[in-house]
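Heads up, the next two complexes both have subunit A, just with different partners, subunit B and then subunit C.
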Partner chain A sequence: MSETLIQLVLSGIVLGSIYGLIGIGFSTVHSSTGAINFAQGEFAVIGAFLCITLVGAGLPFFLSSLLSPLVLTAIVVLIFVFFLRRVAGDPLYLVVATIALSLIMRTIALHLWGREPLGISSAFEGKMLKILDGTLTYDQLLVIASASFLYMVLFLIFSKTFTGRAMKAVVEEREIAMASGLNPVFYQGLSFALGAFIGAFSGCILSPIAMLSYFSGGLLGLKGFASAVLAGLEEPQKVIFGGIALGIVESFAVLLVPSGYKDMVALILLLLVLTLKPEGILSKNRKRMA
Partner chain B sequence: MRRFLKNHPHLKVVAAYAIFLSVIPLFIFNDYYYATASVFVINSLLIVSLMIIIGYAGQISIAHGAVYGVGAYVSAILTTKYEFPFFAAFIFSAVAGFLVSILIGAPSLRLKGHYLAMATLGFGEIIIILFQELDFLTGGVNGLTGIKPAGIFGHSFVRLPDYYALVSVIAVFILALLALFVDSRFGRALRAIKSSEVASSVLGLNPTYYKLLAFAVAGSVAGACGSLYAHLDRFISPSSFSISLSVMLVAMVMVGGEESFSGSLVSALLFSLLNEYVRQFQEMSQLIFGAGLFIASVYFRGGLLPSITRFFFRIRRSAGGQVAS
Partner chain C sequence: MVSKLKRGFSVMVAVVFLSFVLASCAGPKEEKKEGQKPESYKIGVILSLSGPGSPLGIPERNALELLAEEINEQGGIDGIKVELLIEDDQTDPAKASQAARKLIEKDKVIALIGSSVSPCSLAIKEVVQNYGIPWMCPAAANAITEGDVKWVFRTAPKDAVAVETLLRYLSENTDFKRIAILHDSNAFGQSGADEIKKRSAEFNLEVVAVEKYETNAPDLTSQLTKLKQANPDCLIVWGTNPGPAIALKGMKQIGFNVPYFGSHGIANMKFIELAGKDADGVIFPAGKILVAEQLEEGDPVKKVMLEFIKKYEEKFKEKPVTFAAHAYDALKILVDALKRAGTAEPEKLRDTIEQTKDYIGLDGTMSYSSQDHDGIGVDDMVVVKIENGKWVRIK
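== the complex of A and B ==
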């Protein structure tokens, strides 16, 4: 019994790290624009598909998993500069624009990569590591390792650097931020770029573990958003823990409900937190969301 | 009578729409196009009902397609497995849509804007998972086939022209009710709450009640639409009611103008024509409507069609001005 328990915790942490990374994307965009980026899940899916294509073209996995986020980030920056910039100051229309963007990206993914779910074989020839009574594949270890690394980098960016604080300032104190010479649009674009990079990267490291199809972005995005909401959307540093909590709850849910209903657990959790404690469970802020 | 019409301007729109529906058969020569026309009528109802949530109540729902699906499944299951007459099943679909939509709207009492959008999206995904997993009722991912054709008083609406007539009559009736609703004190109260919740509660309007009312009205219409759809193709599956559909519906409302009754109807027509035109690539229409929504939200806040009309009016006015001077 303890074997399965440990295994469940481990796989929960792996999936949760992915959710957490996607959630960080929500959180960075939200902290600089006050809006939710509905295309965040699609960033992950397109990132994964690009990576799969690059690997198929003969590039090594590690190179592809860096190249693909860079390509997607470039595309997203262009979309921001040409279009989203115009509505970046108006959360509601920005949200509608990203909803549209998600529909467009999903359809493009369908046209370019087809209906069948895609994945790639293990980057480490399926090698495994034994931890206590459970096992982790090297692919899963890579997820945990890179999530922790990214987490530390983001923690430093948001709490120690000027850029990180400026990203938050442009939405919370827009006038003061502008008066002190910050250009809100620059920081909003930067947050979209960051969200795209992290999203695509999480898709890349997910691709050896799970198969994704063109519509997977919807659920992935919702789960990422759920982790961000659990942690409190305004605090990018904590989102990863929200993700891990969600991942563990979800993997334990398999013990209680049939596997087909597994995805519902995260969604119900999301709805409960949104209606009962919208400021987040891990957050100390007692601000009402509007 | 004249005063009544003056106080209910949207009834004229419905009358024009009814005339349009009755003219359509003059241009249709085979059954296939009757099916397309019926889908257009169903879409118009769906979009107008969602427009009430978005434009009048100022809320958002990315689960409207799923509520529509609930109506379709309820009607299909009741008529096919439990031998209910069509009309009873139709009513039950509307009731089911009503209940589900109130549940979906409940978070709107505490959440606003994009938080509400996410919550309704979550609800939508849950409903779709239930369609897929409750396979003893819904037939799982394969869906339900062999749904009984609609029948009223022993007359079976198997032939598509007959069914088109039935759908049109029901749709015009429901649209007239919606027009009356929008022009009634309820509609005005909704707009008041949309523009300022605080001010309208000072006037004695209860925002909780009115917001849920908007969801309830829109939900019952969506449920009824589901029933009409289920007996059209007589086949339904979870993929007919995906989140993409819900997003497309929001897109169509935005394209038509979020507060525009007539815009919603035009947008439904536009969508159906587009869908017909790119039939071989069904997803192409999603791309085009996605792009339409994107452009509408970035460049034309308040709707694509109203902006275009305004643009033409401005041209005409400025041209007229030149003549006068």
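== the complex of A and C ==
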């Protein structure tokens, strides 16, 4: 029995780190625009596909999983400069624009990479690590490690650096921020770039595990969004914990509720948080949600 | 002045548009006189050419076009050409239903073929029942040939046949008694799992645990951990790519080392590509065409299958999958019936299709009767094992 419990916790942490990684992107973009970026799941899918293509062309996995996010970030920055910038000031327009972007990216993925799911072999030759009575593959460990690392990086960016604080300021106190010489559009673009990089990177390290297909972005996006909402959307680094909470709850739902209700658990949790504690369960200050 | 000109221009544009619309409404009226032969037989085809069902829909379209071309090159059906009107339902049942209505009402097709996945096909079934025209269905869900099936003829093996093939293999060739099921929550997975639960007792098997997963779930170790706890003799995974491949990985990770049995949903190279070396040893039921080269020389379907594979590979530069076979047989049976009936009158054509006996096709030897609108039986499926990344027929 304990073997089962330990494995469920480990599986939950893996799932949760995946959700959290996707969720960070939501929160990052939200922090400076007040909007939800519905293309976040597609960033991950295209990141994964680019990475798989690069690996297929003979590049090593780790190099590919850095190159691919750079390429996608460049593309997203261009999209921002030419299109999204015009609506970045209004969260509602921006949300609609990102829905359009997600559909376009999905269609492009379909045409470039085809209809079938894609995967690559393990980056660590399938090596596994025994933890107590459970097992994790090295590929899964990489996901958990990346989530932890990003937690620290984002914590530093958003609490210690001027740029991080400015990204939040341009949406929270727009007039004051502008009066003190901050250009909102610059910081909004920056947050999209950061969201794209993290999204694509998550996709890359997910590709040896998950075998994504062009329409996987929908489910990933939903779970990532749920993690971000659980964490309150305000502080991007906390989304990792939102994700891990969701992952563990889902994993244990398999044990506790009848089969098939597992996925409802995430949605019920999302509804409960949105109605009872809209500022998120991890947020200290009570604040309105955009 | 300028504004007047502008207004004049827009009125003109409107008139031009209107006249186009009117012209297309009126159209050249095809008033067919009694007894006069039509120029072509219009057959409506609804397939999932985009969306998640497209890995099925594209090869189905290829096979249909290949066959229609061949029939027309040989002079059509008694001199009448076959014309396929192909619609994409985008793997959306609402669009499938819309397309069916359009093809019947506007295009006046004589019969329908489609669609690729079961939910879309069930949507078409409703429409077909209302209008009353023959419908050839290449999808798998049991429900398609349940209830009122007057106008319904299926060419794919229904889930029940695939399940029976696998369960029979388990009871006759292995000592396994306690089975666990992991299935996709989509229509394909659910229908298969329900059928296994319903039929297992008949084959002396006991279902000890069942878990399901979302189609694009990134990790299945929680479900597998729960299944492992039930301590089954073997695991049956019923789903389409990539779930079954992710399950294999997860089993290896948590040390859930029991034999793995799959569904005909993994009867494709993609599964072997995704699962890699882990795929070796996996056993699943499949249509004979997957291992056509390995069939006995005496099997009448072997020659037909090998010929089709050759033609398909020449034209499309890839191996045909079983879905292509379902669509091919659908059109072939329809065309054969048209030849025999000599008319496209719905009732007459339907009766003639129902009289199809021992048609030798790509899915096996098929016969319909007033009780049976499923052409395929258990004899038409084989059990296949993956060895060194290759399909090997076993038994």
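Note that the second predicted complex is superposed on the first by the 281 of 290 C-alpha atoms of A that agree within 3 Å, B and C clash if a C-alpha of one lies under 4 Å from a C-alpha of the other, contacts with A are read in each partner's own complex, and residues count from 1 in each chain.
Methods note: contacts are C-beta pairs under 8 Å (C-beta built on N, C-alpha and C of every residue); 3 or more make two chains touch, one makes a residue touch a chain.
Computed from a predicted structure; not experimentally measured.
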- prompt: Of the partners subunit B and subunit C, which touch A:G134 in the superposed model: first, second, both, neither?
  reply: second
Task: Kindly classify A:F215 by the partners it touches after superposition: subunit B alone (first), subunit C alone (second), both, or neither?
output: both
Query: Is A:T275 touching the first partner subunit B, the second partner subunit C, both, or neither of them?
result: first
Task: State whether A:T4 touches subunit B only (first), subunit C only (second), both chains, or neither.
output: second
Field: subunit B versus subunit C as contact partner of A:D263, first or second or both or neither
entry: both
Task: Kindly classify A:G58 by the partners it touches after superposition: subunit B alone (first), subunit C alone (second), both, or neither?
output: neither
Query: Given the touch rule stated above, what does A:G181 touch, subunit B (first), subunit C (second), both, or neither?
result: neither
Task: Take the contacts of subunit A with subunit B and those with subunit C, and give the residues found in both.
output: 110, 215, 218-219, 260, 263
Task: Flag every residue of subunit C that touches subunit A in the complex, lowest number first.
output: 50-52, 54-55, 58, 185, 210-219, 221-223, 225-226, 228-229, 241-242, 245-246, 249, 252-255, 270, 274, 276
- request: Note which residues of subunit A are touching subunit C in the complex, please.
  value: 1, 4, 7-8, 10-12, 14-15, 18, 110, 115-117, 119, 121, 126, 128, 134-137, 140, 206, 209-213, 215-216, 218-220, 250-251, 254-255, 259-260, 262-263
- line: Listed in rising order, the residues of subunit B that touch subunit A in the complex are 62, 106-107, 110-115, 117-119, 121-123, 125-126, 129-130, 132-133, 242-244, 247-248, 250-251, 254, 283-284, 286-287, 289-294, 297-299, 301
- prompt: Tell me, which parts of subunit A touch subunit B in their complex?
  reply: 35-36, 38, 83-84, 86-87, 90-93, 95-97, 99-104, 106-108, 110-111, 215, 218-219, 222, 225-226, 229, 258, 260-261, 263-264, 267-268, 270-271, 274-275, 278, 289-290
